[in-house]
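Consider the two complexes below, in which chain A is the common component and chain B and chain C are the respective partners.
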Partner chain A sequence: MESIIAQLIDGLARGSLYALIVVGLTLLLLVRGVVHFGFPYIVVMTAYLGWMVLGLTNNNLLISLPAFVIIGIILTVATEPLFRPLAQKRAFLETLVLGQGIAIIFTDIWSHFFLHGQLVAFPSNIAAGGGRIRFGMIYFTLADIYALVGGLIAVGILLYFLYRSKQGRAIRAMAQDLDIARSLGIPFNKTGLVGFGVAGALAGIVAIAIAMILEAINPGIGDALAVKALVLMLFAGMGNLMGGLVCALMLGVVEAMAQALMPGRWTEAITFGVIMLVILVRPNGVFGSRA
Partner chain B sequence: MAKRNNVLTVQNLAVAYGHIQAIKKVDLQVNQGELIVLLGSNGAGKSTLLHALLGKVRPSRGRIIFMGQDITQWPTENIVAAGISIVPEGRGILSLMSVMENLQLGAYHVKHDITENLHRVFKLFPLLEERKKQQAGTLSGGEQQMLALSRALMSSPKLLLMDEPSLGLGPIIVNELYAVIADLHNKGQTILLTEQNARKALKYADRGYVFDLGTSVLSGTGPELSSNPGVRKAYLGGGD
Partner chain C sequence: MSSAAIVYFEFVGIYILLVWAMYLPFRGGQLYNGPFYCMAIGAYTAGYAARDLHWPTGLALLLALVIGAITGFLPSLAFSRTTGIVTAAASLALIFIIQAIIRNAEFVGGGQGYWSIPRMGYLPIIIWVSVLLVGLFIYRIDSSRIGRALEAMRTDPALARTLGMNLPWLSVFVMTVASVIGALAGVFYAFTIRALTADSFGFTLLLNTMAMLFIGGRYTMWGGIISVPILWGLPTWAPSLVAPYVNMVIGALLVIVLVVRPEGFVSREMIESLKIRVGSRLRHRGEEST
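Right, the complex of A and B next:
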């Protein structure tokens, strides 16, 4: 029983990591009508650069953690002009190709030019959130707690931004009807940059969560995250924010449980098997509309 | 009466979509407080002109002067911020958002507190205040047109554009709508509208322009156009 609780906590923490990526991708989908497949790779790039900042500052978290967020914002905003012409034409599928291109280039950069793609471990004051906790048999890291609480706070702030702020309203208007949004005088370029900036801040937060939960990175992590994030978006119903959140947390828990209860390396097969079955029953996603 | 201030001047305008010349040559003028109607059949270039005024399509020739400034090449957001707003054809309600959010979006460029603006449109359409939390898509066609008009008024525009406002609405709603338009006109709102319902529009308009094949071919006051044989034949249903 205790080990199940520990797995549950671990699963929720992982799930909130997925949730933040899915939320970031959904935000980008709303603001530009693009599937930014490169976004999870920007997260990995941010984690690498953040690792360097940690090294340069003697593992000073007060400098490094904000640096993660700033790097995430800069990298994500830098990709906005690439998507702009396709977004104006609403060329949805083409944006997938563009995102995939960014993904491959980013992965190759770290694979070929940086320590030959070896695993890079984060220092002990950030890895595992700086400590481990034990209640009897229940054993988890501080990182799990930070990721869960931090994830919830980040998502809460994002929802407030989208549904209560002027810029958030403008983003949702553009998502719903670009032509009308333009007629109302909502600036296409500025609103897009704001959306990409907010998604970039999320990328920075996810990179911190990766440093804490996974404790180490290699260039291949982007692939694993991207596939899961894309599957989660389809699984939840494209553009469905709350659906994506719930599904992401569920995925984390299912993974952790499969890890605890099934032998060895079957985690992914089981997880994706469940997803396949659900998609067959509900092709528009668990929370998608039937229209 | 003193000559009224000029709000909008369109000179020698041409607009093309690719190879299709949607507007060949349009000249028109709108003065402060005027209600101007653009008449013409489908494809005559009326809607294209409104889109060009908003900067959504770029003219290939000519100039658009608004409040003394050449706005021909301005981006849409600057034009809206300068004081032109539109009631789009087919109303263009953001149906998944609430009535209130639609109104707030109409005031996107308003810098000050919008309570006063809300108060003004709610006074015009009390029904919208009752339904401000309702999803806009659940409103009836007539109510959506009222919302679209209110949304355009939220920015206190110096020039209000209306693209085929009576399209798809029943005769009773159209009468109500024109009563509101006439009321706005009486209060001094400058309005430029396109309309296929020529009889209705000419009854209220100060002046009108007739478009044909992308060219403004004729202009005159409401009564002048109403009694013009060509206009009667083409737009008022024959020689009655």
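Right, the complex of A and C next:
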């Protein structure tokens, strides 16, 4: 029983990592109508650069943590002009492939310039959130708690931004009908930049969560996160924020349970198989589509 | 010809087949990743038949194509109902599933990989004859009723349906044909490399093929013929300073092409105007000679 509780906590923490990436992808989908497949890679790139900043500042968290967020914002906003022509043409599939181009570049950068593609481990004051907790047989890290609470706060702020602020309303208007939104005077370029900036801040936060929960990264991690996030977004229903959140948390828990209970290396096949079947039966996702 | 040059020609042929396998469903607006899954199945079937069952390589190739067709046909029944991003992302799952199955299948080496696959005689010639035949087949499809139906399906599915076209069966047809081409590429891959691992058929292969299709031009079958030899030759032709970073160059090219020239290097208009120019020159020559 205790081990199941520990797995559950671990799964929820991992799930909140997926959830934040899915939320970022959904935000970019709403703001520009693009499937930014490069976004999870930006998250991992932020984690790599954050690791460098940690090294340069002697593991000073006061400097490094804001640096993660700033790097995330810069990298994400820098990709906005690339997507603009395709977004205006509503070339949906092409935006996915453009993201794949970004994925190829970033993965190659990690393989060459960060310890030649070997495992990059984060220092002990950030990895595992700086400590581990034990209740009898239940054993988890502070990072699991931070990720869950931090994830909830970040999503709360994002929802407030989307549904209460003027910029958020502009983004949702553009997601509903670009032409009408533009004719009402909503600036296409500026709103897009703000949306990408917010997603970038989220990328920084996810990168911190990666440093805390996964504790180490390698070049293969971008592919794993990106494919899961994309498939999750479809599973929940494109553009459905809350659906994405629920499904991401569920996937985290299912993965953690499967790792503990199932023998061999079947976890991935079964997870993807089930998700594929559900998508094929319900192409609009389990929660339908709102975008 | 040096052995490096032969391997280069073999790989260019294999990748042209793969790019065409992606191109065919894309004619109908579907970004379908099934060919990669069938490539793995084709490669392992041919390898197993040739090494463990001691079949002649030609027979192993035929068996792989039949199994590739069956395993390509089954998922296409489901994917013919979906479109756009749903097909693209859900068919990704096929790749991860087949990789997991290979890693767990001990009779083909499991996670250790599958080695010492026998040689196939006259391989480069067989590859290029196949490329020629598949090319002719796709050219025929492109300029036939099916090609026009696929065009209608991509540009306006609703209109295509009102005109009485059976879009699901059209999808099943192109996806199955694409899967068989994928399996063929897999067989050639197995006999060229002669050692297989599950990772060979993963995400990297998909990204590289996608880059070749989109850089070359995804609206015509000629795009791949231009992009594959150039991109495959990059590691050898690029200056030694750039050569290790060739993937970065391919990624950057893909991004630049999609931003600056979204239709890719070879566009449909380019081919049409070339046809008209060549046609008028031939006519001109014909008039002169008479």
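In the analysis below, the second predicted complex is superposed on the first by the 284 of 291 C-alpha atoms of A that agree within 3 Å, B and C clash if a C-alpha of one lies under 4 Å from a C-alpha of the other, contacts with A are read in each partner's own complex, and residues count from 1 in each chain.
To be clear about the criterion, a residue touches a chain if its C-beta (ideal position, glycine included) is under 8 Å from a C-beta of that chain, and two chains touch if they have at least 3 such contacts.
Since we're looking at a predicted model, the values are computed, not measured.
In the superposition on chain A, A:58 makes contact with neither chain B nor chain C. In the superposition on chain A, contact is made by A:180 with chain B only, not with chain C.
Ranked by how many residues of chain A each touches, chain B and chain C are led by C. Legend: residue contacts after superposition of the two complexes on their common chain; A:170 is shown touching chain B, with no touch to chain C.
After overlaying the two complexes on the shared chain, residue contacts for A:276 are found with chain C alone; chain B is out of touch. Of all residues in chain B, only 54, 56, 75-77, 79-81, 85-86, 88, 92, 94-97, 101, 104-106, 108-109, 151, 155 touch chain A in the complex they form. Chain C contributes residues 31, 78-79, 81-86, 88-90, 92-94, 96-97, 99-101, 103-104, 111, 203, 207-208, 210-211, 214, 244-245, 247-248, 250-252, 254-255, 258-259, 262 to its touches with chain A in the complex. Of all residues in chain A, those touching chain B in their complex are 166, 169-170, 172-173, 176-177, 179-188, 190. Contact residues of chain A toward chain C in the complex are 35, 82, 85-86, 89, 91-94, 96-98, 100-105, 107-109, 112, 223, 227, 230-231, 234, 238, 264-266, 268-269, 272-273, 275-276, 279-280, 283.
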